[in-house]
Amino acid sequence: MYEHSVRVPFIVSDPFRRQRACGSARRHARKTDLSQKKLGDTLDPQKPRPGMCLRLQSCRKYLPFMNKILVLFDSKTGNVAAMADLVAEGARTIPDTEVRLRSVDEASAEDVEWCDGLAVGSPTNMGVLSWKMKRFWDETMAPHWMKVDGKIGCAFSSAGGWGGGMEIACQSILTILMNFGFLVFGVTDYAAGAMTAHYGAVAAKAPREESAQAACRLLGKRLAEWTACFCHGRKDQNPLVKPDPRIAPG
Amino acid sequence: MYEHSVRVPFIVSDPFRRQRACGSARRHARKTDLSQKKLGDTLDPQKPRPGMCLRLQSCRKYLPFMNKILVLFDSKTGNVAAMADLVAEGARTIPDTEVRLRSVDEASAEDVEWCDGLAVGSPTNMGVLSWKMKRFWDETMAPHWMKVDGKIGCAFSSAGGWGGGMEIACQSILTILMNFGFLVFGVTDYAAGAMTAHYGAVAAKAPREESAQAACRLLGKRLAEWTACFCHGRKDQNPLVKPDPRIAPG
Amino acid sequence: MYEHSVRVPFIVSDPFRRQRACGSARRHARKTDLSQKKLGDTLDPQKPRPGMCLRLQSCRKYLPFMNKILVLFDSKTGNVAAMADLVAEGARTIPDTEVRLRSVDEASAEDVEWCDGLAVGSPTNMGVLSWKMKRFWDETMAPHWMKVDGKIGCAFSSAGGWGGGMEIACQSILTILMNFGFLVFGVTDYAAGAMTAHYGAVAAKAPREESAQAACRLLGKRLAEWTACFCHGRKDQNPLVKPDPRIAPG
Amino acid sequence: MYEHSVRVPFIVSDPFRRQRACGSARRHARKTDLSQKKLGDTLDPQKPRPGMCLRLQSCRKYLPFMNKILVLFDSKTGNVAAMADLVAEGARTIPDTEVRLRSVDEASAEDVEWCDGLAVGSPTNMGVLSWKMKRFWDETMAPHWMKVDGKIGCAFSSAGGWGGGMEIACQSILTILMNFGFLVFGVTDYAAGAMTAHYGAVAAKAPREESAQAACRLLGKRLAEWTACFCHGRKDQNPLVKPDPRIAPG
């Protein structure tokens, strides 16, 4: 049983309750590097530790883990970069979520290690992710293989036109993420009338239409919902129990 | 060396030359079941045979093989049926091409055996071809496995929306066709501004936009071009040497 | 097929607590339908509820959620059925895990709704899952689409030989599971020298070699570990922190 | 790497014509660059041309087109290089076939333009082709897109173990080849008891077992058969009509 759900009387998951968190906790949280906590760390209530406010400890309250999302992308024309912004925007709508947005040129293995979940975007180049994004996983990440299992992953891609291979490029990204032991997903909901992201968010060229933008945001939101739910026990974030409307195909 | 290219003085591949074909040849062609000719049959110039007009024989002329295209589809809502019509329409633009359009409910193994090339369409059901189309290949066609290698194949599919898995469903169709030893292809050209068919023709719901319709026609045309070129030695039908404009991504 | 609930009616995840489990808990567990608990249910420590032993409640101990695994398979020759047994066997090694083993002929939508995670096995038929397994998702499960998101899924398949499409058939299963909103995964670890299950467990014909058997067991074990970890907050079951040896490629 | 052109300078596809080949033809063939012939070139019987022996011309015999196969590979450990050798060996068993064997480090776009058919091999890196092979198609070949349609392609890959993603890596290669307008295929036949190459030839580590070696050879042979049959009209090379035994799954 996940101890937070029982012992932690406040989960800083909605802004109103967050405001009631004591000032020292807020100050402490700012100073403490929560990102050092590893998945699977056990909480020992007997001694102080990173992520615990001393004052909270005395009243048996714990700071929750921060929900950590990485949006990693490669972009030559700016189309995938625009999608990445939207995915990040969607992830940030989930309370208590920290989002790192990194291009493949600046990303490091530490970014991947840090996150609970990640969305990986690439241009559709010949129906497969770009060689630069592939190189990141082949070279930068290879030494970390077998050490980062269990993160939650998803994909997004833009091609020159519909039928241009964006779904298959997303699939190639998901293949890589599965190889690293990640759990990968797509979005069941529709983002708009004739747009969804069942295997990742897709766009023909730039995500100009509102529907393509909504699909990107929805992907990021769902990613942060699943990590909140699965990695941090915030089962209120499960899309099946949230009151948010979910668009069915029309 | 392909004997047609040397010995056959007329290839009935353009309408003007076709009109010059002698009347008896045309009448004979109507009566002769060209579909009985099998890929790999060798021509023996010494004796009459199906597909040869006696009068032509005397002047050392041979009727060309008929280019044979099967468009096989499953459709519940009519969307894929509409695509199938367009694919067939595209195939018929190639001279000397016979097209069979068959729903999976009426198709038989003989239809597949008959054709030089086939386009297989299915609704995108959960990201994969429909179970009914799968059953056709699992059950109806299984006894013919290892007996129909070398046909040329392609795919088309409609999903409820973009990002709904139509490309991945096309891929599942192509996987099946490859298993039967077929050579599968997609279309490089764009059908219109932001629409192509790199892994098969795709549509979100019905192919209502002109661009989706053009992609279906282009797929059928390319299929008939490749079979004409590869199965019947009509190298004038190679899209690389045809004068037809080819749309690049824009 | 509730083997576990008979043999191990009250399991907690560490052996010491198991020994302290009182008799009434065991009796209570037998009477309580833990499978009625839904993902997202919150625990209210103030009142008794299904799954809580009254005597345990008084001493502030809670019955854990039962970890629920479905192994769903189609098999014509018995090869995939043999794999399914091994996958189920692997899942049962994780404490507090209930396993349902169902052939596609006997499975119902309720089985899928019930589980936290599922492993789906099919023969490799023409490189894609069998039409019967496809029909299950197309017809039996279709009305439940958008209602079962967030389960954890994986795949297994047997083909007639290596290179016969078993990995691609696993991919077709994963595609379907993703369409339903499931989070899908493969196993990073090697099961033996030259055998792993990066995209699902695979076998050439029957899983006769020890290595193929180990891969099936490993897949089932990993599935139950992820559901324990993600759905029930049992972070001790995260493979990254468990003491179990993990075989690297050699 | 023009092994064939040295050892078999003048090959015609049937043994009787081979015996009649005159000495000047053999000398001529050595001097003539047959590789300059493009798919779709038409033969003009009126005037001499490259690839035609003058003496042969006078007696109405034509030098056949040379069947041109490229085996392109990336290899870090030597495993895929070993597979490439075997694929090339298989292709050379088809008379009148010239084989170029090129590592991705030495290959140029001209090699791809030159060939009728190509087999592309890559290590399975995270379930997808290597970034270096991807870069070849993304960068070296991109300017030639829409100019090389209609070649015949296939794939091969080695992973660290069965279930390690070699089939899915082959699929990623085929996806790229399809994007370039190639027709891609797999082998229906079994290479040995439990080994085939339905989506390309696969190996776990090095191709040490005779069965894995046979699968590589079979892939190369089939590739050269299809190009002979489809690109050069040598319908005697169609595997359906050849007397060679074809192994069914056992």
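Each chain carries a letter (A, B, C and D) given by its place in the written order, and its residues are counted from 1.
In this text, a contact is a pair of C-beta atoms (placed from the backbone, for glycine too) under 8 Å apart; a residue touches a chain by one contact, two chains touch by 3 or more.
Being a predicted model, the structure only gives us computed values, none of them experimental.
Student: When chain A meets its copy chain C, do both sides use mostly the same residue numbers (more than half shared) or mostly different ones?
Tutor: same
Student: Nearest 5 degrees is plenty: how much rotation brings the CA atoms of chain A onto those of chain B?
Tutor: 180
Student: Taking each chain's centre as the mean of its CA atoms, how far is chain A from chain D in angstrom?
Tutor: 44
Student: For chain A and chain C, what's the span in angstrom between their mean Cα positions?
Tutor: Using C-alpha averages as centres, the distance is 25 Å.
Student: Which parts of chain A, given as residue numbers and ranges, touch two or more other chains?
Tutor: Residues 127, 165, 168, 171, 175, 178-180, 198-199.
Student: For chain A, which residues are in contact with chain D within the complex?
Tutor: That would be residues 125-132, 134-135, 137-139, 165, 168, 172, 175-176, 178-180 of chain A.
Student: Would you pull the chain D residues touching chain C in the complex into a rising list?
Tutor: 127, 160-168, 171, 190-191, 193-202, 204-205, 211-212, 215, 249
Student: Show me the residue ranges of chain C that touch chain A in the complex, using the header's touch definition.
Tutor: Answer in residue numbers: 39-43, 45, 62, 64-65, 145-147, 149-150, 152, 171, 175, 178-189, 198-199, 226, 229-236, 238-241, 246, 248.
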